[in-house]
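Structures follow.
Heads up, the next two complexes both have chain A, just with different partners, chain B and then chain C.
Coming up: the complex of A and B.
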């Protein structure tokens, strides 16, 4: 897909100390670099290689992705909600393109 | 006598057990209609789980895109889809469940992709989307989503009948180096094993479908092309008359199954 779309599922509210599930999905072809085009020329690798999540500016999750991960990577992880604030998600691909998305969480 | 009683009890237990085992799995009941079974029934529980949650279902990436395209003004007439059909597209509820459909103006059968493109060229003055392009897949998925859960209900009589017959003939004709017809896998051997795979009934109620092996959303036309390659037959071009007729015949086999688009399959 030419334009990368991102989807987030973050609970809007949580109790302090509660462990919540964060789910993310990004549309990306994740070209492994092992495939060839119709002329037999290798198609250069183009994958999302890094995914990070910051909670009020502090990094809480980081993942290095490898070529074996299929297209449109779905990443989910647990997070302890301890303060109201913003979750910033960043996906970086091999071409240096950066995709960003963010969500608010209210902690009571 | 004692042996006889023991055999009787054993027989009773076995028949009771088989009765219990043959009961349809309640989790897939709404994906069946009589003895018709959606591809969902054949999917692994893990694959079903991806489809069941609209968030994890990657098909919804195309739905998001389709929703954007729906309100985008395009073409010489300065209109968007939403300009005529409303911003929320609820007006299209149930529409896609009746496709492929006979179009009186063209005098031929058209599928939902062709209907979308006709709307674009005739009503919007916009160029048609290419077959299997991201835009066409996104719009098809978005339009079909409006009919999700509604039963497939295609007309096979009247002016559509000759097309239905043509599709049926295609379905039952052997072709390719393996000399096989669609019906041999999906009718004569449906529900049986082909090596480790269970042959499904080949229902199309979930298209466009996100196939994990394709790593993308794909149309039923693409699936037909792949089926033809698998039996080593020459695939027909996208939207060929044969394939549109086949689409109608296959849809009629799944009459009553709920529209599942966008579904997830392996």
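Coming up: the complex of A and C.
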């Protein structure tokens, strides 16, 4: 399994109550299970199937992914900034591998 | 769009490996593949969401009218609803009626999101309809769908 890299775009500061846009990307091939290798053997499915975002320990967003999600899944969603703290992002793939990233947001 | 370079960029080796993978995937895409989903499959998939049938409205799907590359079709789903503890969008589903399997994604939202809006990229095997269903915290189901013309199908959805 190729190494998976994650990238985040989270504003470092926001006003209390402001709705900020969170953008995430994981470099993952998202093998759909529909493709075959050069010998005609099906390539087993291997996708990121779950993505979650927690805000100071509380889950605020979850996505369940199917093979119809493109490779290197890009996921963006809004979040209401109401307290200074940490955003934790977790991606889980079919092999049970867990990829984590986090970001700080300062709310004034 | 530029994401912050908090992680290292693609190495040359990795870029080459990705390229080779893409070529393979492309070759595989031209071979016959499993049967594609039909509108009936989507109905079954919808029934699996839960009781009740969704009504039209509140949900807006943003998608290109024509997607040149079915491997990455940018999609947005917006639901016209407050996002308060008393009244919010709990779940959004997306399906596609011409892919090998109808399900595309499920999103669980919370009032903390402030707005009911998601953005992501999907694979479409052919010209087909994308369908979004949203469930609000009061249990009501809302839906929208729109066709997307695909020039080159995303191999095997």
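The rule is short, and it goes like this: the second predicted complex is superposed on the first by the 107 of 108 C-alpha atoms of A that agree within 3 Å, B and C clash if a C-alpha of one lies under 4 Å from a C-alpha of the other, contacts with A are read in each partner's own complex, and residues count from 1 in each chain.
Following the convention adopted for this analysis, a contact is a pair of C-beta atoms (placed from the backbone, for glycine too) under 8 Å apart; a residue touches a chain by one contact, two chains touch by 3 or more.
What you are looking at is a predicted structure, and each value in this text was computed from that prediction instead of being measured.
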item: Chain B versus chain C as contact partner of A:71, first or second or both or neither; value: both
item: Chain B versus chain C as contact partner of A:100, first or second or both or neither; value: neither
item: Contacts of A:25 with chain B and chain C, given as first, second, both or neither; value: both
item: First, second, both or neither for A:7, with chain B first and chain C second; value: both
item: Partner chain in contact with A:63 - chain B first, chain C second, else both or neither; value: second
item: Which superposed partner A:16 touches (first chain B, second chain C, both, neither); value: neither
item: Chain touching more of chain A, residue-wise (chain B, chain C); value: C
item: Shared contact residues on chain A - chain B and chain C; value: 2-3, 5, 7, 9, 23, 25, 27, 29, 70-71, 74
item: Complex contacts: residues of chain A adjacent to chain C; value: 2-3, 5-9, 19, 23, 25, 27, 29, 32-38, 40, 43, 55, 58-71, 73-80, 82, 101
item: Sites on chain B touched by chain A in the complex; value: 55-56, 58, 60-61, 64-65, 134, 212, 215-216
item: Chain B-touching residues of chain A, taken from the complex the two chains share; value: 1-3, 5, 7, 9, 23, 25, 27, 29-30, 70-72, 74
item: Residues on chain C engaged by chain A in the complex (per definition of touch); value: 1-8, 10, 14, 17-18, 21, 24-25, 27-29, 31, 33-34, 71-73, 83, 96, 99-101, 103-115, 117-124, 154-157
